[in-house]
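Below are structures written as structure tokens.
In what follows, chain A forms one complex with chain B and a second complex with chain C.
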Partner chain A sequence: MSRAPLSRACAALLRRDLVLAWRQRGDIALPVLYALIVATLFPFALGPDLALLQRIAGGVVLLTVLLAMLLALDGLFRGDLEDGSLEQLVLSPQPLAPMLGMKILAHWLTTALPLIVIAPLLASLLHLPAAAMPALLLALLLATPLVSLLGAVLVALTAGTRRSGMLLALMLLPLCVPVMIFAAGALAAAQQGLPWTAPIAWLGAALALAVVLAPLACAAALRIALDA
Partner chain B sequence: MTATAPATPLLEARALRFHRQDEPVFGPLDFRLHAGELTLIEGDNGSGKTTLMRLLTGLLRTEHGELLWRGEPLRHERCAGEVVFLGHQLGLKAELSPRENLRVAIGLYGRREGPDIDAALARVGLAGYGDEAVRRLSAGQKKRAALARLLLVPAVLWLLDEPYANLDRTGIELVNRLLEAHVAAGGAALVTSHGAVSFHGGAPQRIRMHG
Partner chain C sequence: MSTWIPLWLHRLGSPPTFYAFAGRLRPWAIGLALLLGIVALYGGLVLAPPDRYQGDDYRIIFIHVPSAWMSLFIYAVMGVASFVALVWRIKLAEVVAMESAPVGAAFTFITLATGSLWGERMWGTWWTWDARLTSELVLLFLYLGVIGLYHAFEDRRQGARAAGFLAIVGVVNVPIVHFSVKWWNTLHQGSTVNLFGQSHIAGDMLWPLLTMMLATKCYYVASLCGRARADLLALEGGKDWVRRIAAGEAR
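== the complex of A and B ==
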């Protein structure tokens, strides 16, 4: 008999979730489509004022990407909960937190990464100055995993309840506010030609903390959800 | 079978009871399960068989009575890897094939010496269905795919909740044969059922639950 090493278990789970996402790629396309539609409609709603668009472009792209992520967040553990995969995962001889970390990573790769890839396109639709583009991408690269991790904890907390979508949105709002403030702060500074590393560093610090703590919190919350 | 059983039972329940919102679900139950033994849990619908199973896996917390694993209080870390659970929800991903599902199970649980995935699929009668999406299989075939997991992962104790549901006559025979082989190899199994089940390998211990 051979015990499964943690690295192989992580790889197996990550691979499974990526293959599953690829087989249901219509679900991945939805947030991307949503973000494209919102960013395209903004200039029509506000009028073709170049100065105005340039000023709000960074914030609009950030907000669009974060909201598009929320569309897919709800389903993070739902499928596994419904078909019993989650029970099998919890009962496996692997530590639960890193396993859930892998699930969150797969979720981020399949929902947030496509959004980051189209973010430059969205930004140029809104005439974001090219000088602010590195700040935007860096802010997104740090803010989106942070939202994924924070969101995952809340999804795990509400996993046992029916119609958890509303509750999830309400609970996630206050957690998104600081993420948004730091990301937008970096962008605003970059657009004015000021140094923008401080808010980015804050996002990085928060991300480092969340990477360690969020999977642990998720594991505890899901054990409670299954104990019912 | 009992002659070779060690002194400490694999799993022991002492005055095990379960209440849901102060409403008694079952109990008190006392039983011992040694390696090389098979125990049937019988009871009508709603008598708490599945609840008992979830208690034994550690998914539900034991609040009244005691559950011992090899003589020590049962906790997930202590029995992890030695117990495999097959419940009503089979834990198969509908979009993946049986082969892919089994590969994930091996990745998580480890691999038992013996049959590989193809051999296990053939043994449960799914030869040729290995690459079909589970979504397209019948309910009985899904059950068989989940049973193949039992053959591949290393576990001493099998907890099977209604393994006979959805299976045809040959499927029921298959479950019985798998159980006999597992018990003969020194494993133990707890099986819930609401129907009459016959084993060839002697009379199993029976736990009767009152609904």
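== the complex of A and C ==
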């Protein structure tokens, strides 16, 4: 059996996932709305004090985006698992890890990218100083793929179980601690007018590592979870 | 190198052999744990002199530090056992990894609870977002995640493999968390007892600490033996050797 080149298979899978997401455009809006609502609830809970909101704005936006991604991650493999196409992907002659990498990329493009686009809006709702905005966007650009990659490994592990939502939070949040620390560190430094490239560089290093390792781990985890 | 050690280890991997071996080992481990624990507590609470700055409050160290060591040690055991289980698919390794998790979580909880009591006396606060405290808390969450994932599967062996994979991911993550939170915020003192090089602790205080460490190790072995035996019986429910044991119990 001759098999198609890997790049063609990757492109086909990416296109398929993006088309599927586009056909259900409403689902793309849901994490965005969720993040918007959570961010607007913070001033109600803490009071509309400008100085306080300015201080916490960066952290609130990071946390809101993380939680919205956590909710969306649950659906990463669900549709494919239910109609059996995930098993076909595992059985296909192409190596599984790059295929899953493409699925993660498609998922990041459809859930995290809209969140990054509205992040400046969320931040200005909470009066984040404009000087910290580049740091926020850069931190989100590096932190959200990291969360997607780490989350995908865990979602793959829970693919064989029925109640996975809360479990995913329990497993993912400890793994996100370093991501959170460095992203928030960059923001805090930017808000105080200090140089903030070091934590961003750490995030970039972690992302480089995760891009290589996470799809492999995800493939191994998926084989374990589907091996019934 | 004689061949009986690998051979013996190979045999020990079979559930009925391990069941009998753990049954014989367990009473000894419990006895040794109790004995060493009592000696260590007597040495730590009665014989050791009060600390110059902390008075008698420091004596909680004899529970706190051995528990903290055990929380990391058991995680390491769990990681190694999970690795063995995933690579060679040894049933016993899965059982050891999954039955270690609750014991390790208990030790982590004890570390956090005693640390918070100690912190209240010394730092004037029950909890602070310090590097070591935070990484210990993350360790507790990792343990809980492993336990939760194990129980989420209907098939126990599949659950053990998935949770074992999570444990290995955690092994990679624990140092990263540790160094990132250290960079973030530090209040806790550095290590006092060093395996290599000079320890900054008086001999009168060191020996009860090390004895307690041995006691907690023995307790872990005893607890693991008991838990693994129960788990093996449940896992191997329909097999002949379990039926023979059940028939023996009934008679």
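Before moving on, here are some points about what is shown:
We adopt the following convention: the second predicted complex is superposed on the first by the 226 of 228 C-alpha atoms of A that agree within 3 Å, B and C clash if a C-alpha of one lies under 4 Å from a C-alpha of the other, contacts with A are read in each partner's own complex, and residues count from 1 in each chain.
The working rule: contacts are C-beta pairs under 8 Å (C-beta built on N, C-alpha and C of every residue); 3 or more make two chains touch, one makes a residue touch a chain.
On a predicted model such as this, the values are computed, not experimentally measured, just so you know.
Overlay on chain A: chain B and chain C fit together in the combined arrangement. By the touch criterion stated above, A:Leu13 is placed in contact with chain B alone, chain C being left untouched. Chain B and chain C, viewed from the C-alpha centre of chain A in the overlaid structures, lie at an angle of 90 degrees when rounded to the nearest 10. Looking at the shared chain after the overlay, A:Val61 reaches neither chain B nor chain C.
Of the two partner chains, chain B is the only one that A:Glu82 touches; chain C does not reach it.
In the superposition on chain A, A:Gln94 contacts chain B only, with no contact to chain C. In the superposed pair of complexes, A:Asp227 makes contact with chain B and with chain C alike.
In the superposition on chain A, contact is made by A:Ala4 with chain B only, not with chain C.
In the superposed pair of complexes, A:Ile28 makes contact with neither chain B nor chain C.
Between chain B and chain C in the chain A overlay, the least Cα distance found is 7 Å. Chain A uses residues 227 to touch chain B in one structure and chain C in the other.
Interface of chain B with chain A (complex): residues 57-61, 76, 80-81, 83-85, 87-96, 100, 103-113, 154. Interface residues of chain C, counted against chain A in their complex, comprise 86, 134, 138, 141-142, 144-145, 148-149, 152-153, 155, 158, 161-162, 165-166, 169-170, 173, 176-177, 180-181, 183-184. Touching chain B in their complex are the following residues of chain A: 1-4, 8-9, 11-13, 15-16, 19-20, 23-24, 79, 82-85, 87-94, 99, 226-227.
Of all the residues in chain A, the ones that touch chain C in their complex are 153-154, 157-158, 160-164, 167, 170-171, 173-175, 177-178, 181-182, 185, 217, 220-221, 224-225, 227-228.
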